[in-house]
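Consider the two complexes below, in which subunit A is the common component and subunit B and subunit C are the respective partners.
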Partner chain A sequence: MLFVLPYVLLLALFGLFPVGYAVALAVSTPEGGFAGVANFVAVITDYRLPDSLVNVGAYVLIWLLALMVFVVGLALLTHQRFHGFSKVARFAFYLPGALAGSAAVLVWMFMLDPTVSPAAGLLNAVGIETFTQSTAPGHLALIFAVIAFWTGAGGWIVIMYGALNNIPTDLVEAAQVDGAGPLRIAWSIQLPLIRKWVAYMLIISFATGTQLFVEPQLLASATFGGVSESWSVNQLSLIYAFQYGDFNRAAALNVGLLALALIVAVFVIGKVKLFDTEA
Partner chain B sequence: MAVTNNALDVTAEKTTPVGRQQRWVARLTPSWMIGTALWWVIVLGFMLFFVVPVLWLLLAPTKSDHSLVHEFWLSVGGWTDLSTAWNHLLAYQDGVILTWLGNSLLYSLGTMVIAVIACMLAGYGLAVMEFRGRKTILLLTMIVMMMPNAVLVLPLYLQAELMGTAGTPWAVILPMAMYPFGVYMVFIYYSTNLPRSIIDASRIDGCNEWGTFTRIALPLGTPAVALVSFFSFTSSWNNYFLPFVMLPQTDQYPVTVGLNNLLTSTPAFNPTVGSSGLSIYRPELALATLMAVVPVLIIFLFNQRALVSGMLAGANKE
Partner chain C sequence: MKRYHRASLAMAGKHTGRTIAAGVTAIAAALSFAACASPAANKQTATTSTSAATQDPNAVLTVWVDSTRQPMAEAYQKAHPDVKMKIETYDGNANGATTLQTKISLFNRSNSGWPDVVFSTQVAEMSWLTSKQYDFPLDLQAAGLSQETIDGFAKGALAPCTVDGKTVCLRNDMAMNVTWYDTKLFKQFGYTVPTTWEEYGELGKKLGTEHPGYIIGTVGDSWGGDSYLWPSQCPVNQAVGPMHVKINGTDPKCTRVVEMLDPLIKNKTISTDTVFSSSFAKKQADKVLMLVGPNWYGGALFAKGAGIEKPAGEIGVGKPLVWADGTDTTGNVGGGLWIVSKHTQSTKNALDFVTWVTTNEDNQGSAPGYPAYAPAAKVWLSKLLASKFYANDPTEVFTAAAGSVWDGWAYTSYSTYTPWTDKVVNKLNSGGSLADAMPVFTTELTNKAKAAGYTVDQ
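Right after this comes the complex of A and B.
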């Protein structure tokens, strides 16, 4: 019992307490009185919220589609043949994970600047000549999805590859004997057997995606107003806290995000049963 | 070497002594070759997508801004340009970049030490002992582990404002040391790798709980210590949101937040900033970015195995 004490203290102080405090703030007035749902109504009717929701929604949608198609595709491909080279390839996919966070955003700002980008030819081909054109508001959801995919996909490919390795080889061999080609095997045997992991990846990524903060915040600082300071929902809640000093409304908006994350977490643990640790 | 497409005949293959080669030839069907060609196109294409930006970042600091714009991106610069970029970067706010790197190191190592101690103890306790509240702690651990870190940042900030700890290093170190993923990894590690009989034997030999942990479990748990250290260090080193919110003073920034500060004072992406004699251009910015990722990049390069096995911690349990 004493063994778990330090961790339980940390968990209570920096997990449970802040969440409880945020909920308490969200239903209070700045003077400390009970506010009911007033703070929630105020943030929901904020004119910036619909834009933020659409932005984050578009970003999450693009990102999840990319993850679903390319992570599963690349895991299947590198699982299928040339095992020596595939290992190298998987490491290459995984490497950008080291640059997660602000470094990745900076690197991609260079990649999107046609004057220095190695892919300048590609950018020019789609009619982009300047950095301002690259980071036009209509491109941002796609850009943030590319950055998130670039840093995170490799880790998921490794996980999917591990899941593919767990499929008994005699199952695949039996299908081969029955004359199934690689496509058929992927579609009818491998995909159904790793479906649970794909679902897990999408759900977790959905939860992470709704919390988008670093990418739009950095791009907003670099472009000085080129990118809206309330591009994502998390940025908007920070505007409430820092610019208006309105902790109650900031907390109300955050409680919405918290509830979403909590629902997702409980769903994964309860429904998907990936972490059935007591087995 | 009579290699023709007739070798498609699979029945012949098994009877010949050179079966291995025949079998290889037997796969040379048109569809197999198209498949292989596609395989290389797709896999190499994605390798380029993932690796080119990293390569660019490694090369950019060795070049002048002029050659970044006018030379082929794979060209290698020289020491002169690298040292120019280095001197410019060090001149920025009296070498504040070194302060940021030092801060990053302090926060990440501080987090790592506390997280490793707390995770090893808790993971072990949860794996080998029965006590009231054990299931609740496990469930809470998994719930918090599944929740994105970012969602707790604002509540943590509000809490720090309440307690007056905002602006101190502890406001970032302690929350980051609360590391449910680490507890879960250690828990899985001890549940699968530490036979009950060893613990029972040590108890019979007169070891108390603490002795069993320090003399038996901890020496056997070094791989878990390594895993938690790597993951905790890299995730706190890369953390941006929490220190951004908690630490208001420039000289307290970790390097991730420092990069943001550099960005706002360079004309690299926004010409309207104007050159205020700061000399922070693209090579300097690239050098700062590279310095910010080098520790984690090294960890990634030399600990691939450990990192991959950690990522699979959940998968293997399946």
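Right after this comes the complex of A and C.
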């Protein structure tokens, strides 16, 4: 129990207390009175929210699909190859994740600017000549998903690799004896046995995905507003908090995001029976 | 085994008990913080416009500057070694950063920590800084600023600093629009530099057929509206009163600009790229026949080491273009402000600092931007002339332009720049015309204004 205490303390101070404070702010007026659902109504009817939701929705969809398919696929691939190569591969996959979010965006800003990018040829080939064209509104969900995948996938691949290591080798050997190829083994044995890990990845990634902030905010700054300063919901929350000084409405928006992530988490946990201790 | 097991259970039980007790105290402590910092703590106490803080002769004068203005603060310290100062650099609240909003609301909440003097790069800063929620600037005249000093500033320079008839900041520099032209190219092509917007439109049409690839301007900067709509007195961002604007893009003063620009955008003599992008520097650098832009383009774009640097003697500066119907106002893109906090404990020093830094001829004479204080501007211009960088004498051009900025444009708490890039430039880049983009632009401006609490007339 003592081991858990530091975590509980930090959870209380930096997790539960801020959430409680945010909920309190969300149902209060700036003067401190009770506002009921007024803040939520005001925020839901904001003219920027529909676009932000669509943007974040598109981004989360692309990103979660990429995670599910590529992370699991790459983990399986790495696991089935020779040991030496898999160590190098895991290191290579993990490396971009060592960059802090904003540093990663800066790297990608260079990649996306045809004038300085090493991939200029590729960009020019699809008709992109300027940075403004690169960051046109239609490309953004994909760009952010690529950036997030590049930084985040590595960590998850390492985790999936660990999950795959948990599968008893005699199961896989038995299947091989029965004549199953690597694809069949992956599909019928490994995937079902790591489904809890995949579900965990989904829950965490959904929560962080809906809270997308650094990437669109940095690009909005770099393009002087070419990328909308309210592209994501969290950016809109920032506008409420620091441009209008309205912390109550900002809190309402974020409480909404939290509720959404919780609903999805509960649904996935239920579906996959994440916390059941029998295998 | 059993005894160990029971003992360890007992130990675990004791540990659990202790753990629970510790956990509960921690949560209780956390919740007590909640009581202190309750939502009600946000309430502002009304302050008067004179300094509400007791004066302290030994107080350190804390000055926040951006890196470009840091030399000015250091020059003041050097000239006044007896004044105890602390100079801190920050981002100048530039480019959409909400540093001042964040920091000042934090200081207001904790009731301490305000800097005495702040420099901001945002000319529209007073639109929110003087609101009840932030209530930051000091009434400088009430604190002792002389009318003589105020009168020394260029006409309209202190307009963004005047709220409710009070002077609440001092303008550091002007950013009025002028025309920039390449004398070498004009000579090469045999053109004359236009003096009216109508001539400008004709030049663009001619240029597009005779020398495609060359440009006479760009709308791709976020301040494109300031450069083209403001001079025309287009009421797409017209000041009506505090928190009250008029947004109408269908007025003839707006449509004449759109009609003039659209053919030029189409034949690419007006670029849709921003002057500070790497693609502009790479592709357009030698193809700039003309530009319409603020006076700080000189140092930021054409000077040695800048984005599209030109050799001395090649770039000429022309008076702002005028419309045939007599509209001879120009636009403005920026200009920094010096603000004194109303919580300062050294009002005399703070006021002395902002006065010195804006009016001292040595200081402003070598500043990067055109000084807002007229006598200092004269010194600045004579130095500019002596540097022999421009093909012609810029003195009369800059002085005339400084006094002709249209005062009907609103300085708003919401950005008029991000809607231009987001709605207009993006649309132009995807093949639309300015005529298509204007309604989207005005709708976005209207929404933004209303969301920020403004009343909007159509």
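Please note the rule applied: the second predicted complex is superposed on the first by the 244 of 279 C-alpha atoms of A that agree within 3 Å, B and C clash if a C-alpha of one lies under 4 Å from a C-alpha of the other, contacts with A are read in each partner's own complex, and residues count from 1 in each chain.
The rule we apply is simple: contacts are C-beta pairs under 8 Å (C-beta built on N, C-alpha and C of every residue); 3 or more make two chains touch, one makes a residue touch a chain.
Every value quoted in this text rests on a predicted model; they were computed, and no experiment measured them.
Engineer: Which partner does A:32 contact after superposing on A: first (subunit B), second (subunit C), both, neither?
Structural biologist: Touch partner of A:32: subunit C, not subunit B.
Engineer: Comparing subunit C with subunit B, which touches more residues belonging to subunit A?
Structural biologist: It is B that touches the greater number of subunit A residues.
Engineer: Per the contact definition in the header, classify A:1: touching subunit B only (first), subunit C only (second), both, or neither.
Structural biologist: In the superposed model, A:1 contacts both subunit B and subunit C.
Engineer: With both complexes superposed on chain A, which partner does A:243 reach: first (subunit B), second (subunit C), both or neither?
Structural biologist: Only subunit C is touched by A:243; subunit B is not.
Engineer: Give one of first, second, both or neither to describe whether A:223 is in contact with subunit B, with subunit C, with both, or with none.
Structural biologist: Both partners.
Engineer: Looking at the overlay, what does A:116 touch: subunit B (first), subunit C (second), both, or neither?
Structural biologist: both
Engineer: May I ask you to decide whether A:136 touches subunit B, subunit C, both, or neither, giving the answer as first, second, both or neither?
Structural biologist: Only subunit C; A:136 stays clear of subunit B.
Engineer: Would you please give the residues of subunit A that touch subunit B in one complex and also touch subunit C in the other complex?
Structural biologist: 1-2, 4-5, 8, 13, 16-17, 21, 25, 113, 115-116, 131, 221, 223-224, 226, 238, 247
Engineer: For a test of understanding, state which residues of subunit A touch subunit C in their complex under the given definition.
Structural biologist: Going by the criterion above, the answer is residues 1-2, 4-5, 8-9, 12-13, 16-17, 20-21, 24-25, 28-32, 46-48, 113-116, 129-133, 136-137, 220-221, 223-229, 238, 242-245, 247-248.
Engineer: Write out the stretch or stretches of subunit B touching subunit A in their complex.
Structural biologist: Touch list, subunit B to subunit A: 31, 35-36, 39, 42-43, 46-47, 49-54, 56-57, 60, 68-69, 73-74, 114, 117-119, 121-122, 124-126, 129, 131, 137-159, 161-162, 174-175, 177-178, 180, 183-184, 187-188, 191, 209, 213, 234, 238-241, 244-245, 256-257, 259-260, 263-264, 269-270, 272-273, 282, 285-286, 289, 292-293, 296-297, 299-300, 304, 308, 311-312, 314-318.
Engineer: Looking at the complex, which residues from subunit C come into contact with subunit A?
Structural biologist: Result: residues 12, 15-16, 19, 22-23, 26-27, 30-31, 33-34, 37-43, 95-98, 101-102, 105, 133-134, 220-222, 272-274, 277-279, 281-283, 413-415, 417-422, 425-426, 429-430, 447, 451-453 of subunit C touch subunit A.
Engineer: Spell out the part of subunit A that touches subunit B in their complex, as residue ranges.
Structural biologist: Touching subunit B from subunit A are residues 1-8, 10-11, 13-19, 21-22, 25, 70, 73-74, 77-78, 80-82, 85-86, 89, 91-103, 106-111, 113, 115-119, 131, 150, 153-155, 158-159, 162-163, 166, 181-182, 197, 204, 207-208, 210-211, 213-214, 217-218, 221-224, 226, 234, 237-238, 241, 247, 250-251, 254, 257-258, 261-262, 264-266, 268-269, 274-277, 279.
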